[in-house]
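Labels run A, B, C and D following the written order; every chain starts at residue 1.
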Amino acid sequence: MVALKKTKPEAGLTFMPEVAVPAIGPRDVLVAVTHAGICGTDRHIYEWDAWSASRVPIGITVGHEFVGRVVAVGNAVMRTQVGERVSVEGHIGCGLCEPCRTGNGHICEKVDILGVDRDGCFAQYISVPEENIWPVHPDIPDHIAAVFDPLGNAMHTVMAAGVSGRSVLITGAGIIGLMAVTIARAAGAGTVLVTDVDPRRLELARQLGADLTYAADDPEWPAKARHATHEQGPQVLLEMSGHPRAIRQGFQALRNGGTAALLGLPSEPVALDLPNDIIFKGVTVLGINGRRMYQTWYQSESFVLSGRLQLEPIITHRLQLQEFDSGFKLMQSGDAIKVVLSVPQEGN
Amino acid sequence: MVALKKTKPEAGLTFMPEVAVPAIGPRDVLVAVTHAGICGTDRHIYEWDAWSASRVPIGITVGHEFVGRVVAVGNAVMRTQVGERVSVEGHIGCGLCEPCRTGNGHICEKVDILGVDRDGCFAQYISVPEENIWPVHPDIPDHIAAVFDPLGNAMHTVMAAGVSGRSVLITGAGIIGLMAVTIARAAGAGTVLVTDVDPRRLELARQLGADLTYAADDPEWPAKARHATHEQGPQVLLEMSGHPRAIRQGFQALRNGGTAALLGLPSEPVALDLPNDIIFKGVTVLGINGRRMYQTWYQSESFVLSGRLQLEPIITHRLQLQEFDSGFKLMQSGDAIKVVLSVPQEGN
Amino acid sequence: MVALKKTKPEAGLTFMPEVAVPAIGPRDVLVAVTHAGICGTDRHIYEWDAWSASRVPIGITVGHEFVGRVVAVGNAVMRTQVGERVSVEGHIGCGLCEPCRTGNGHICEKVDILGVDRDGCFAQYISVPEENIWPVHPDIPDHIAAVFDPLGNAMHTVMAAGVSGRSVLITGAGIIGLMAVTIARAAGAGTVLVTDVDPRRLELARQLGADLTYAADDPEWPAKARHATHEQGPQVLLEMSGHPRAIRQGFQALRNGGTAALLGLPSEPVALDLPNDIIFKGVTVLGINGRRMYQTWYQSESFVLSGRLQLEPIITHRLQLQEFDSGFKLMQSGDAIKVVLSVPQEGN
Amino acid sequence: MVALKKTKPEAGLTFMPEVAVPAIGPRDVLVAVTHAGICGTDRHIYEWDAWSASRVPIGITVGHEFVGRVVAVGNAVMRTQVGERVSVEGHIGCGLCEPCRTGNGHICEKVDILGVDRDGCFAQYISVPEENIWPVHPDIPDHIAAVFDPLGNAMHTVMAAGVSGRSVLITGAGIIGLMAVTIARAAGAGTVLVTDVDPRRLELARQLGADLTYAADDPEWPAKARHATHEQGPQVLLEMSGHPRAIRQGFQALRNGGTAALLGLPSEPVALDLPNDIIFKGVTVLGINGRRMYQTWYQSESFVLSGRLQLEPIITHRLQLQEFDSGFKLMQSGDAIKVVLSVPQEGN
């Protein structure tokens, strides 16, 4: 089969025309990938940044967000049939620990991630444990099902924070920040405010339902955001940028008693003014990682089926797997938001 | 009347033998103070640190934790009678804002604090709004009622975090940290672990029910704490020290999915490793300020009346108001934990 | 002044052209009523049913939902000015008990209700405690401000249950049920299902955003509702009818693990199959009463200002106070939903 | 092997000296049972009441609470080793539905229960899915591990209701009610009140930490319970009796804003005064079923290891499997609370 692999400890990925189809164990499922999304994490691996170099093994097949069809199942698989259209939760928990056994496998200490710790989905076939299979509802198109992983990140953040009837500030209008805008709107948010450095992203955020947007380099935006929310600040902060300054400004803007959900990953320690930003304010801060297994998946399915999410404007480019280089470059330039790759099918 | 005032912008307080009894407005209550506790905040004002110099007006009567008897009420006071024994919530909210009108006056943006922003309780009389009056149950002795304010800080922290059946790490065994030990025990905590730099405090923590204690300067304590809690770390962190290193180590020790309640006030920004300490772990962080009005007071009353708290070992010294200098010095030396002052009564 | 009073223990109300303007105490506010809504409770009093006869004193001025202007304040009033446009929370708590002191005055055991236990708002003037005053935002029109009380019942129910991203069944499309439809929609509900006996109400429910409606006398509706919600049943039940059969059917339809919020008041004991309807299902049931003080009011204001509620179709009739008889008859016939009365102003 | 089976549709069970050892599938585990508890459900089947006759198939091996050792594993078993000492969650979910995939398998609509729907543990061997295996901590003795199933019922009820710092009323001092007493005490409850018809049970409840007990047939007990809890009623009701009168009285006693957790199963519909018992009071009612998978198991392990539970007085009798008839009769007479049976080991 074909696969996109990290073959050298440097920038780039290699398109391999002939690699072995992965084996499956008795509880595993073999999925023929049809569409896969490029994630910011994939871009880190493509660019081979410090994090990638420290974690990702050379030789791995990259990619973790996708949709496909089941083509084979292990002999102890009980609930998955050949032919099913499926997406896959990319966090593979140990199955033994307290988080794994209480519906919190997303915070398993021994989690393996597809395309990071073991072979991923930028390939014609992928082998995954049956437990990670998510059957895709027939009314959900392939290119949407392919991005349920990042949609789930945004969904987990929005639903954990609780936006219904509350004003919401989203710092960072990247893929997940923009998904959070449309989810927050559908989930009943009050005023939605968005910050980003790129005016094109802010324009798109408004199109997706943001009421107010601010240039992230305007030092006055926290004051403006407070003014726009009854002079008290937004009740919810969804931090999607990972930028230390945005994090600090987000806390400054946040209302007393508010909730901050942190998803963006700063690459350095962030100095926080704990008394003024968190303690005196009586703020609740939530660390958000992955997707709740599998509550988040049910929520994503339900919102997508409701027709109340606008995801099409976020999926800006659809390319062939072989065109992956263009995909990464479009992301680097900021021209693309979400790129979905079509994977060539056997016999085509 | 006599009063203890800050009369000069330098260390120390002045015992004033003859100041005017405060006036009361139509909705105010005049309380004859009988016993008052010395708080860490009072010590900051006594020592005139940077925070005090920036906030506290010269001429103020200090002190905010006390018990006394009502001696006069304004003509629009409806629910308080002369003669009642009362304690007082020291945070005086604006009464108009959303926090004040939803049971969250402790995070009112315009809060005035007794003994910090307006005249406090180190005096024979104090005037307070009726709304801040807390009638003291007859079974609660004076020296315990006098410390309901700091007890309420500890209670708010413990109850907000939720310790029932969970392992609890308390970083910092000062007054409030020690109160948190006995409250956590009574509130159903599992294993209770405590850190401090002072071995005497750790000894007292064990006496109050801590299962394990660690010297805060042992760099291995987070690893030991994780080992002692099923190799996963404690489920709850109650941060009572305000020390940047303790805060960081506390987050390192904390279990994935755990809850951190921050009460201690660092005097400088704290650099946090947000991805590893909060985000990947899926941690919930709660900023804790004051006491919930008045849920925390009901909880404190209920726990005290249950007989399940050990507060006597924490109230180490009982002095006369005039001996305040000894009280502060005992606190500075670490020999005292909580000092309660008896206030001379009119006619005595 | 003019007032609408219950003067005899029988059906009907009396328009009194000359009664004394109420006195105000030092903490009270005198409000000149401009618009008042007729509530189902008022209709019970008008019809003098068993409940009214057992509770309401003869001679009382009826009515409790209204808007007006402050014309006088007691000498200890601190935060309300003459001239302010205000609505009023009609539940007057004792102010002393645990619920009253923790933001839960709506469940005070000694609550007095305007127009039920003391003189209400169907009059030119009403005296209320300052604590119950709600300043009305200038962007909210009078006829909407006049119905903040029932809107608050619906808001409290919807927000307590939590509808964001969840399927919601509303049994009973009366005033509050219909308000709940538009609130649930704005608060981010998934599929909204509504039952009622009156097809006109179901038509209006669909106009307000209900996805599916069922005739309450169709015995198959619970099965249909389950079918329409992934064969599992709706995740939330908002019981607004008070009919025993609707309550039982609502529980039958409800999903395992779902939430039922009960607001409708059955007039007789309801026999429930606790094992199958609540226990095996792992259901959470919430008793809903009044409005949270004052969290619900902030939520109502925020939703109204967002422009996302459709309240105009629910306010079907606007009459003069003197036309109250027509108003009650329109409600009895089912032709009216909410009737708002204009109160004549002094000097007009 | 030997097994205790229901062989005829009438009262009694049959001790079968020679039945086939159950087969295991690829994901199943074969456990050699060493100790098993007799549950109230087993007694219903023994007595062959209406519920049993309607659900339990003739020929089934009864029993579902036990401890044993793994003697064989299927070829796709991944996390369980031969030789491990284990207990087993007796609710076998479908694994496919939303509850099963979100940590809520206890409310799976298609749940199979050991000893009710498929062969249970009153036998030398039992076959169960690996997912239901609970490894027993070495510090927990066999007779305690054998009753983790009912302990889990009590734990789930207590922890769902939330007792820390709250007054707790337990109606019904049977096995689970008594376990709830010691758990509530360890979990930080305030005043604990217990009702039952049997004075011996009330005596034992006091021994386990109940502060006050009431004869269930004293019609004044709800008033007494309210009086004992600040005249407001207990904050939490744990309903363990399933008796309609106890349920109604429990709601009457419960404090406004309180929480009622219902575990006891009434055998007939219960007529509730919804307005006065639930709606006006603003009560939260929780239906409790089984154990949360597997959060409850972790909680039970943690409490047992803490040494803070008193379970020995509840396990009143230890018999041999062959003495099952005596066991059931001891339960019927009220002389026994929990009976644990020792199962003969192969080769013994």
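Everything below uses one rule, namely that a contact is a pair of C-beta atoms (placed from the backbone, for glycine too) under 8 Å apart; a residue touches a chain by one contact, two chains touch by 3 or more.
None of the values given here were measured: they were computed from a predicted structure.
Student: So which of B-D, A-B or A-D matches B-C, with over half of the contact pairs the same residue numbers?
Tutor: Matching pair: A-D.
Student: If you tally the C-beta contacts, which comes out ahead, A-C or C-D?
Tutor: C-D
Student: Whole-Å distance, subunit C centre to subunit D centre, using C-alpha means?
Tutor: Using C-alpha averages as centres, the distance is 42 Å.
Student: Whole-Å distance, subunit A centre to subunit C centre, using C-alpha means?
Tutor: Computed value for the inter-centroid distance: 42 Å.
Student: Give me the residue numbers in subunit B that touch at least two other chains, ranges are fine.
Tutor: In subunit B, 98, 104 touch at least two other chains.
Student: Which residues of subunit D touch subunit A once you look at their complex with the stated criterion?
Tutor: 25-27, 74-76, 78-79, 95-96, 98, 101-104, 292-295, 297-298
Student: Within their complex, state which residues of subunit B touch subunit A.
Tutor: Within the complex, subunit B contacts subunit A at residues 97-99, 104, 106-109, 232, 247, 256-257, 262-263, 265-266, 269-275, 278-289.
Student: What residues of subunit A sit close enough to touch subunit C in their complex?
Tutor: Residues 159, 162-165, 167, 186-191, 299, 302-303, 306.
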